[in-house]
Every structure is written in structure tokens, then in C-alpha cells.
Amino acid sequence: MRELGIGLIGTGFMGRAHALAFNNARAVFELPVTLKLAALADADVERAQRCATAWGFAQAHGDWQALINDPNVELVAITTPNHLHYPMAMAAIAAGKAVYCEKPLAVSLEQADAMRRAAHAAGVVTRVGYNYQHNPMISLARQMIAQGDLGEIISFQGEFSEDFMADPTSPWSWRCEVAHAGGALADLGSHLLAMAHYLVGDVESVCADTHTVHAQRPVTSGSSELKAIAVDDQVHALLRFANGARGTVSSSWLKQGYKNHLSFEISGTLGTLAFDQERLNELRLYRVGQDGFQRLLAGPALPGYAAFSPAAGHQLGYNELKTLEVQELIMAVAGQGAEGTDFDAAWAVERLATAIRVAAKEERWIKVQEV
Amino acid sequence: MRELGIGLIGTGFMGRAHALAFNNARAVFELPVTLKLAALADADVERAQRCATAWGFAQAHGDWQALINDPNVELVAITTPNHLHYPMAMAAIAAGKAVYCEKPLAVSLEQADAMRRAAHAAGVVTRVGYNYQHNPMISLARQMIAQGDLGEIISFQGEFSEDFMADPTSPWSWRCEVAHAGGALADLGSHLLAMAHYLVGDVESVCADTHTVHAQRPVTSGSSELKAIAVDDQVHALLRFANGARGTVSSSWLKQGYKNHLSFEISGTLGTLAFDQERLNELRLYRVGQDGFQRLLAGPALPGYAAFSPAAGHQLGYNELKTLEVQELIMAVAGQGAEGTDFDAAWAVERLATAIRVAAKEERWIKVQEV
Amino acid sequence: MRELGIGLIGTGFMGRAHALAFNNARAVFELPVTLKLAALADADVERAQRCATAWGFAQAHGDWQALINDPNVELVAITTPNHLHYPMAMAAIAAGKAVYCEKPLAVSLEQADAMRRAAHAAGVVTRVGYNYQHNPMISLARQMIAQGDLGEIISFQGEFSEDFMADPTSPWSWRCEVAHAGGALADLGSHLLAMAHYLVGDVESVCADTHTVHAQRPVTSGSSELKAIAVDDQVHALLRFANGARGTVSSSWLKQGYKNHLSFEISGTLGTLAFDQERLNELRLYRVGQDGFQRLLAGPALPGYAAFSPAAGHQLGYNELKTLEVQELIMAVAGQGAEGTDFDAAWAVERLATAIRVAAKEERWIKVQEV
Amino acid sequence: MRELGIGLIGTGFMGRAHALAFNNARAVFELPVTLKLAALADADVERAQRCATAWGFAQAHGDWQALINDPNVELVAITTPNHLHYPMAMAAIAAGKAVYCEKPLAVSLEQADAMRRAAHAAGVVTRVGYNYQHNPMISLARQMIAQGDLGEIISFQGEFSEDFMADPTSPWSWRCEVAHAGGALADLGSHLLAMAHYLVGDVESVCADTHTVHAQRPVTSGSSELKAIAVDDQVHALLRFANGARGTVSSSWLKQGYKNHLSFEISGTLGTLAFDQERLNELRLYRVGQDGFQRLLAGPALPGYAAFSPAAGHQLGYNELKTLEVQELIMAVAGQGAEGTDFDAAWAVERLATAIRVAAKEERWIKVQEV
């Protein structure tokens, strides 16, 4: 079987999540290629070496460009800070390599557009890490919607809220910078927009309201020096989908009590389904004729689940969604993939987020195609 | 103790709910006046007589004007179809009587404005039946917000959805007519707007999207003759409150699976609370420092509950919210009331609903004071 | 229509609940007789008079025997402390009157047996206030079981826990006396046993464990003088039903956090249903072939609900269960009733509780018919 | 750093779960030894070879004895059918190697006793795969109980129910044989007993009821030939703990609708906690003074969680509990472990299960030390 050489850039939480996912994907799936963990890069080469050993990579690089140039590397996985996605992905594309980039695709819509164009021109496979989409529960939801189980879709109501920035004394970080794709909308909301797009389709127009609640934060933890904050703490928007459905999205990083509340309800003429990432193995479902909502629990009948457990109720964890994402990526690289969240789809998400920002700033409805 | 003569117009579901509430209020509360069920009116005088006997009213009228003129009647309760609220309330005000009117206050903002002005001029006590506000759980929520338990309020996200019009073959009814205050926004959404107003305060501006999903319905059940429908099946809106909070409201009468889903989350800098009318005896609450959301269950420590049961967990029903509403009304009539949802407050709700309709029609942000 | 004269003994919480229920039953149901609130008795005759006025009773008595002898009284409702149930019910039966007695039927199995025998001999209608059975959700559960919707019933697992005695400094009260039918099993557990009997049928044998956690309590609140406690704080038991089903019951009045946790799961070869009184308007249901448990919400399709509301999701409260109980009682007195919890059924519950006590004391399996 | 050679016997679902866990443990934890996946054994040597390659084992064996004798193997992991646990573990102990055995420890109490004695005599480290104990939520529960957060523990109520044998046409399998440790009590209930033991401590005496609902099953799927079944389909028991707490346990493999319902409530004088494996990342908690139950969501503050994610709400899956179990095992082998579920603890679980069986058969209370 053909070998596929994986190169991974970044050794933080997300770098490790990728490493685990590549390792586990080859153990749990029958893949059409053999995954070879070829190289790991980190600016701190000692750290790169240490992690390479722990995670099973054959080689370590202190320079990401060297990893991209490494002839053993055919697929480049990017888990670095947001502003580095563009140069790294462009270099990988230029080298003719498949790219697996964490979200957000880029820190500006222009970058994102350039990236998807370059990928098209080079003919390389691309994927972006909207890992929540790879939940078997979400695959089921998508299948049900596509099959018409809910009838014609008429509404999407979504929210992604957490509280990690709720404390006004939480200091400034790169997440507070527009230039680094900071703010609740970019950081959290983009996952929700990706989900809306993945499940319900293109959004035609939006109206929105962004809100910076804490306009200043300490420059560092405990400091009395304050720094002005320009990014949004919360955002609310109205959506009109191309298929006629309407909806709302809300996102906040200072909604007390929530930890990973990526949630939505999709309603159609024949039924309603509801999901909350804080209970990722469940789906609430109502179809005409039922007495009440059903609570579905993930099990081996769902796409992807059986690879991890033969029994319903065993539950998948966050990291296993990443393993499922890697499987889909590898199938695509091997030419056997179905449609996935590639640079085109990720750019569409960025464009939608941009439209929301413009609509909020100009206080008017915006056609997404305008931006 | 002084007697207070009650006159009730209407003998439908809501008429009976009022009758039960007056009867039960005098049994469970120590009121400053003695309630006397003086008269009941229905256009069908035989029905009026039959109901008067069953419900304990001293007299029956076939003509509502006669009830208003009845010298034994000091307080007029109106439970008739929406378009009759205006003439009946205006007549009662003209007669110098207190008025207790079901929601919506009127079928147009002009009517509502005239009603509140007339009530001011006459100096009569008025109340409107936004009964969900009288839930002890809601009283607790209001108290907590007023006391600052949640800090500065930053968001309100609300929804009121049901599915009773979800079937496209459900026929046309007066609820489908603009002139009768039909549509999801007027019928359901107004409860949600009243709640937002009651808990968070005045709304300054709105942007909105109304949507008629089923543009035609059979003229009667089973008929092949169709009638065009102009009212909204669902509505989504963005709100900006005067106090700086932001929010969304959604309302639908064709969201499959929901029966009485008047729900909201209010988040502040120090906490979040969540409520769903489908579990009216509960409140979900998170305050900074807690490990997770608490589920509060109604009990005698809450305002109003102990009148019905000495024990927590016994639970109140919908009809008891009406009894609590009547208590508040009677206290107001007796001159001992606190602020309640009078014609001014109800007019503010109508104005907000109107602003939402205008914003949707003109596809732009609207200042509520503009309308 | 024939009048039925109601006499009520007791003006505490439960007395008022009865008064409300009689008042409301005649407003919401079409009964075959006209209810006349004939007389109210309380040892404190002034209180009796005051309550009679507030609750609509024609007459007040300071002596319960006088109420029973009152020729206007045809049905005697007993809401006094447990040890008075026996003399009052026996007197009413001797006077040939129907009896509606609060639970427990008596403070000893011997008394209960004498009461049911006397009622049989006199041919009077009797009912006992196991009000939780009259919940439309429970009626639905019973109907489903009877129809075989769950297949053959194989298990019942029930619990009734509250925490009102959890504080070890909560003082002694009559509830702590065996002679007054005190203890968690008698006070709470009997409701659960009644439910098991009502839904699954006769219990053949039991094994059990009763447990007094706080063996002493202050004689009065705040006192340093302690009194020995002989009744159970919690009880756990195994049941074998006559139909072959097996089960467990647990009851505690010191389980922290619970307020009215009368809950059970009944499982059969074709499905499982689950109920919790803390959410009395819901039933969780799974039937073979479903994807997951459904959450049913009370609505007008259920037996009894429509009398209170035409719409699903409006929810009934505790007091309305009492109104439903009164309706069933009145139908029985009018000769139109189906089987209900009469003195025979209540005696069977007492016998089951006694068997549990014996089994716990003798530390062995006991056949219920032995006691 | 010292290397520790791992030998794994078995390549089924549980074999793969072990392989994943060893792989992931070295990636996510800083272990005091380097894990070397030395050898994998399966009677089908080709399968062993294929899996060894996929899972990263250096060598494959067709004979488990060869694996145990392999000098590179220092720790033997056993994931074979239950009746092979005894000979394999005894051989590994005889070879002086650490043993990590799946539950149940053995198919008879005698075997289990011999195994724990042999392990003591040989001085080897042992662990048994009661993986549910390694959930950070359970670690938290244990910590809270040990610290006295719930006060004195007074009750444990537990249930482990699934429905995978609910269909009476599900055929006979080894799980239906006493000699293979079949039946609901051994298969599922033992997890619950282990949990009760782990959290509340030793059980002193039991009374129980086992029940075979379907006394015959097809010999193979679809066959009309039936085979008599002697094992229990469901079991209910009363427990008395050495510390005075009382409780119930129920287990069933034919309770419709449940998939992995390992659930319990533990109540003490100061609080109550509740857990359900179907929502393994949550704990419901009430402590005196709270308004209602809190829902805790797993996060990095809990023991073990941070290794998998830096953020609360990301959720662990079943397989990650196994990784946590492996970590605890490796720490023990490295001499740095705390107390864990070794052969002694697993034998105590078997003894308790045996006591339950004897109590059910003899229909009497049994002291656990009697068996």
C-alpha cells in the first residue's frame, strides 16, 4: 500500500490533537494509504524533537519551511497561530502538497481568497479543521436534512457561547486583536457559521450587531495598565439562507456558565432537530407524528462511530472528532473523498463572517456576495 | 371589608380561566377587599346563564354594554376576541371602571395608544393579561436582575415557539388576519416581548425578519379552496436595549415539537439565568464561582408560591399563574399594588411589536420611538 | 340535577386543597350532580367560620361529629391528623355517608382493616387521597400498561425522596411517632407503594431494610433536650409482584436536594416508561423501534387534562391533581365511577407497608399475605 | 529513562482499546518510564501480525504463552474471553510479570482467590479493567466523598441497565453461560458493584433477587431450536455497607431504551451526587445551602482531564477512560502508584457478586464474608 508522509507544524494543544488523530486514525480505520508520520516542526527545535519522540514522528525541524520542503512530507498540517496560516499554506501549496489547516483559514478575507485560488491552481487537496462537523451526530443530522426527513428547512437558530473571557480582568491576548482574527465571532462564531453552512447551505444576506462589552483589558494578568480592545465580545445576527430558511446566530465569549455551548436548532416543515456540543453524543429530534422529542444517543449505526466502539452509549470524545476529521482528509488525499470543508468552503465561512462584521458596522442588511 | 364587584365578559377558555382565578384568589390570598362575582356576559345569554351558575356569578347578561353599566360591577374583565378589546375597554373606562384586559391590548397601535390615554384621563386602574409574568420563577428572576445578582445585563436571547399551525392544511382562522392581531409575532411573540420588557427594560432599536412560510391555507378544514395568508408564521429579530444589552427574539407557530416554548436566557457580567415555560416551575441559574448551572425548583420561599402550597416541588400550573395575576390586579385596584403590566406597559409591548414589523418590512434598523 | 352535600373536616393546607378542589371541580367538569359545599368543621370554631366564608361553605362546625350528623352532608372529607382518620371515618360510615379520607388510611393495619370492612358492610363509597395517581400522565401510563404497550411488565424501580428532615436539628414532631404513622415509609413511601400497586398490581413478597439515621432529635426547635426517634429516616426494599415483575423501592426524607422526588421506571418486554413528580407534566417513554427515549408533555389528548386547558404544554399544578381526584370521587358517589383507590385499595397499601416493616425487622423475605 | 515492554493478548474490540490506550498514554502523559509496545498475541497469527503493524507492536505471536515468555515483555495485558483470564494471568504471575486483566477477574470466586494469592506471593503489580472508575468525574466524586463534602454517607442507589439482550429472539451466546461469567449481574452489574466498592467502601451484607425473564433462547440467530438459559436477565439487591450506609443495586440487560446506563446516586448527611455513564462528562451535585442541583461539566481542573484538553466542555470519550486507566497502571508498575483496582479489589467485587447470587438462591440476607 502506498505510504503518505505527514508533516505537522506546531506542538501546542492543537498540534498534539493532530498527532493523536493521525496515530489513532491508522489504528481504527482501514485507510487506502499507510500513514507515515514523517516530520514535526516547531520554532523551538528541542521541543520539536521531544514531541516527535513522544508522538511518533520520524524527524524534527526547527524551521517550518524545511518541513514543507522535506521530500518525505506529502501532506502539511498547520496548527500554528492564525496569522501564520497564510504563509505556511501558500508555501505548501507552492510545493504541491496537500494542506490541512486549522480554522480560521486566515486572518483576512483577502488572504483566504488568495489561498483558495492558489489551491485550485495547484490542484492540491485542502481541508480546514472545523472538527465539530465530523461528529457522527452531525453526520446524521446532515443526512436527515439531505434526505428531507425534516421536510423543507425553514429555520436555523444557533449559538456558540463560552465564558473564558467573562472576567473583565482577563488580560489582553492575541485573541483580542483583529489582525489575528480575534473576537468572539472569529474565534467561536465561525464554528457556528461553518455548521449553518454545512447543514443548511449558503447564506444570502445578513444583518448583525457586534458588541464590545469590556472595552479595555489589562495588558497582562494583574497589570494595572489597560489596553483598548476593538474586537467583539458578543455578536447577534439574522440570516437569510439561499433556500429560503431564516435564522439567528449568537456568539459570546463572556456568557457566564457555558464552556462549549455550540448549539443549534434546525426546524423544517416536518420536524425539528437540536444539538448542543456540551452533550456531543446526543441529538434531540422531533418528527411529525411523534408524541415528543426523542433523545438520540450515539451508536454504531451512525457514520464513523463504529470505528471507536461496537456499542451504543460508549460516547466519543472531542479528540475522536479530530480522528474522524483526519480520516475524511486522508480519503480525500487518496482520491476517495466526498465533499468536505476545503479552502473553498472555509473561505465561504470567512466571507459570511466578514459580511456579518460589515452589516454590524454599517447597521444594515448586507448581501453576502457584496463582500 | 369593602366589596369589589367583578364583571366578566366572555365564556370561552380564557373566560373560564378568569372565573377560576377570581374564585381561587379569594380562597388562597388574604385580599384587602371582598371579591363579589357580580356579573358574567356572553352574546349567547343562555350560555352566560349556564356559566354564571357553574362559576358562581350572581347575574348573567347577553349584552356586554349592560354588564359595563351594571352598578354592581366595579372591575371589568375582558376575554373576548382581540378586535373587541378596544370598544369594551373604552366603554369601561368611560364608565370609570377598572379594566382587566386579555392580551394583546388592541389590534392596532393607534387603538392601544387611545386606550392608555383614556385610562390616564379617567384615572382608572388597568391591567393586561400577560400571565406568564406572574410565575414566581419570573418574579425571582426579576428580583435577581434588579438586585444586580447577574451584574450588568448584557444579553437577552428569547424564543416563543409552538407548532399548532405547522400543518399547512390547518385552515385559515381569525389568527391569520392582520386586522385581528394575527400572526406568530402578535399571538406568541408579544408574550416574549413583554417578558423582555418586564425583565430587561425598554428596547431602543430593532432589526427584524418576518416570514410567511405557508402563503395559502384552506378556507375551512378539508376545503380545497385556498385563502391567501398575509401574517407571519415566524419572526426573528435583533434587539438593542436602552441599558446597553443586546439580544435576539424568535417566534414561530410552526416549529415542530414545541407546545409552549416561551424560553429565554438572560446573561450578565456576573451570571446567566435561563427559563422555559414548558418547565414553568424551574429556573436554570449560574453565578460566577459556581461549578455549573443550578436547577432551581419552585418553592414557598418564592414570591406568591406559598399561597398554593407549603412545600417545594409541588408545582404550580398555568391556571395558578392567572390566580397570581388576579391577586396583583386586586391589590392595584385596592390601591396597594406595585407597578404592573398596565395599559402603558402593554402599549409599549405593542409599539415594540410594531417596530419589529416596520423593521422587517423596510429591511432596516428602526428606533422604537420612531413608530 | 341532584345536589350532593359536601362536609369537610380540617382547615389546614390539605383542608384548603380540598376546598379548592371541590370549587374547581364544579367549574371545570360537567358532573352528574350539583356540588353543594354544605359544612366545614374545625375544632376552632372561629377559624371554621372564617374559612367557611372564604371557601364558600354554607355552614361551620366546631365539632366534627356535628358535621357528620348534619343532614345536609352526604359526603365527608377528612383532612385531619392521621390518628383521627379512624374515628371520623368510622362515624361517617356508621352514618351511612360516603367518605373521602386523606392518606394514610389509618395509623395501624388493624384500623385500616376495620375501616374497609365497615365500609363494605355499610355499602358506602370510599376514596383515599393518593392524589398523585390522578395526574393525566399517570392515567396515560396506566392505560399504556393495561393495553400491553410495554409488553409484559418485568420491573418497577421507584423512589420517593425529599429532604425536609435532612437537618439533624430539625425537631421531633408527630411525624416521628409510630403511633401517628410517622417515618419516611409511611409519610412518603406509601405514595410510592400506592403507585406501584396502581400501575403494576399486587405485590406478593418483600424484603426490606429500614434505617434510622438520626436516632435523636431536639424536642422543639433549638432545644438542647433530645428525644429518641424510633421511625425510619430511609427505607429500601425488594418487591416481587404477583404478575412476575420484580422491583425495588426506596424512600427517604433526608436525601439532600430532593423536594418531591416521587419517581419510578417501569420496564416491560417492549418498552420502558419513567416519571418524576418533580416534573409532573412529563413522561419519558421508550418503545421498541424508537431511536431514543421520548419526552411526552401533558396535553389535552390525555385523560382529564382538557378540563383545565385546551392546549398542550400549559401544565397542571399539584392542586389540579386534587381537582381530578375529586372528580373521580364524585363520579363514584354518583354511581358512575370506575375502580379507584377506595378503602380496600388503601388497606392493601397499608398491608404492603406493614409487610415491609416486618421484613425489615425480621430480616427476611415476607409474603404480603402473611401480615 | 527505563523502558517498559508491553505485551497484549487479544485483538478484539477490547484488544484494540488497550492498544489505543497504550499509544495515547505515552503521547498525553509524562510517564516515568518509556512504553515499548513489545508484542501482540492472537491465536490467529496472521491477524496478530496485521494488528501489530496497525497498532505499532514490534512483534506478533500466535501463542499467548510465547508472549508471556518473551523477555521483552514486562507487563501482560489480557483481553481474551473470560474463561482464559485465569490461566493467562497465572502464567504471567508465574513468570514474574505485571498483569493488566480485563474484568471480570475470573469465572469463579475460587479462581479469583487463587489469582490474588498468587499475585501477592509473586509480588507483581496487578490491575483489572474497571475502566469506568477512571473517569475524572468519578475521581472527583471519590475525592469529595473522602473529604467529607457530602457528610456521612447514608445511601447508595445504583443501576446498570442496557437493552442488548431485550429481544427474546437474540440467540444464546457465551454470555448466557454461568461457566463463562455470563448473566446481567456478572456482565454489567459487576461494574456497578465495583463502583459502589470504590466510592462507598466494603459491603457487609446483601439480600437479592435474580430473575431469568427469557428462559430459552435460539441456539443461533434465526434458529427454531431453543436452548435453556440459566443466567440472570435482571437482578435487584439490597446492600448494607460496613460504614453504615444502605442501598440498592439493579442491573438488567433487557431494559428497553438504555445503552450504557451505569448510574448511581450517593447521598450523605450534607449532600447528594448523581452520575450516569450515558453522560459521562457530567455530575449532578447538591450540597446543603445550594438552591438546587448543579450540573458539573468535566474540565481541566479535574484529575486527569487536562491531559486530553485544556478547555472545559470538550468532553472525554470512552476510549480515553481506558487511557487514564493505563496511566494509573503504568504509575503502579513504576512504583509511583496510589491504590487502584488490583486483584484484591477485583476479588472483593467477585465475592460481592457471589454473595448476591447466594442471597438470591437462598432467599435470605447473606454476610459477604460468609462466601
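A, B, C and D label the chains in the order they appear, each numbered from 1.
Everything below uses one rule, namely that a contact is a pair of C-beta atoms (placed from the backbone, for glycine too) under 8 Å apart; a residue touches a chain by one contact, two chains touch by 3 or more.
Just so it is clear, the structure is predicted and the values come from calculations on it, not from any experiment.
Peer 1: Contact counts by the stated rule: is the higher one at A-C or A-D?
Peer 2: By number of C-beta pairs in contact, A-D is the larger.
Peer 1: Suppose a student superposes the Cα atoms of subunit B on subunit D; what rotation angle should they report, nearest 5 degrees?
Peer 2: Rotation angle, to the nearest 5: 180 degrees.
Peer 1: Among C-D, B-D or A-D, which chain pair copies the contacts of B-C, with over half of them the same by residue number?
Peer 2: Matching more than half of the contact pairs of B-C: A-D.
Peer 1: Would you mind pulling out the distance in Å between where the CA atoms of subunit A average out and where those of subunit C do?
Peer 2: So the centroids are 55 Å from each other.
Peer 1: When the C-alpha atoms of subunit A and subunit B are each averaged to a single point, how far apart are the two points in Å?
Peer 2: Distance between chain centres, rounded to whole Å: 42 Å.
Peer 1: What whole-Å value do you get for the distance between subunit A and subunit D if each is reduced to the mean of its CA atoms?
Peer 2: Spacing between the chain centres: roughly 35 Å.
Peer 1: Give me the residue numbers in subunit A that touch at least two other chains, ranges are fine.
Peer 2: In subunit A, residues 258, 290, 292-293, 297 touch at least two other chains, as defined above.
Peer 1: Show which residues of subunit D lie in contact with subunit B when the two form their complex.
Peer 2: That would be residues 285, 290-297 of subunit D.
Peer 1: Given the complex with subunit C, which residues does subunit D contribute to the contact?
Peer 2: The contact residues of subunit D facing subunit C are 150, 154-155, 157, 159, 166, 168, 207-209, 211, 213, 233-234, 236-238, 240, 246-248, 250, 252, 254-258, 265, 267-272, 286-288, 290, 292-293, 363-365.
Peer 1: Which of the residues in subunit B come into contact with subunit C in the complex?
Peer 2: On the subunit B side, the touching residues are 13, 16, 19-20, 23-24, 26-28, 54-56, 162, 164, 258-261, 277-280, 297, 299, 308-320.
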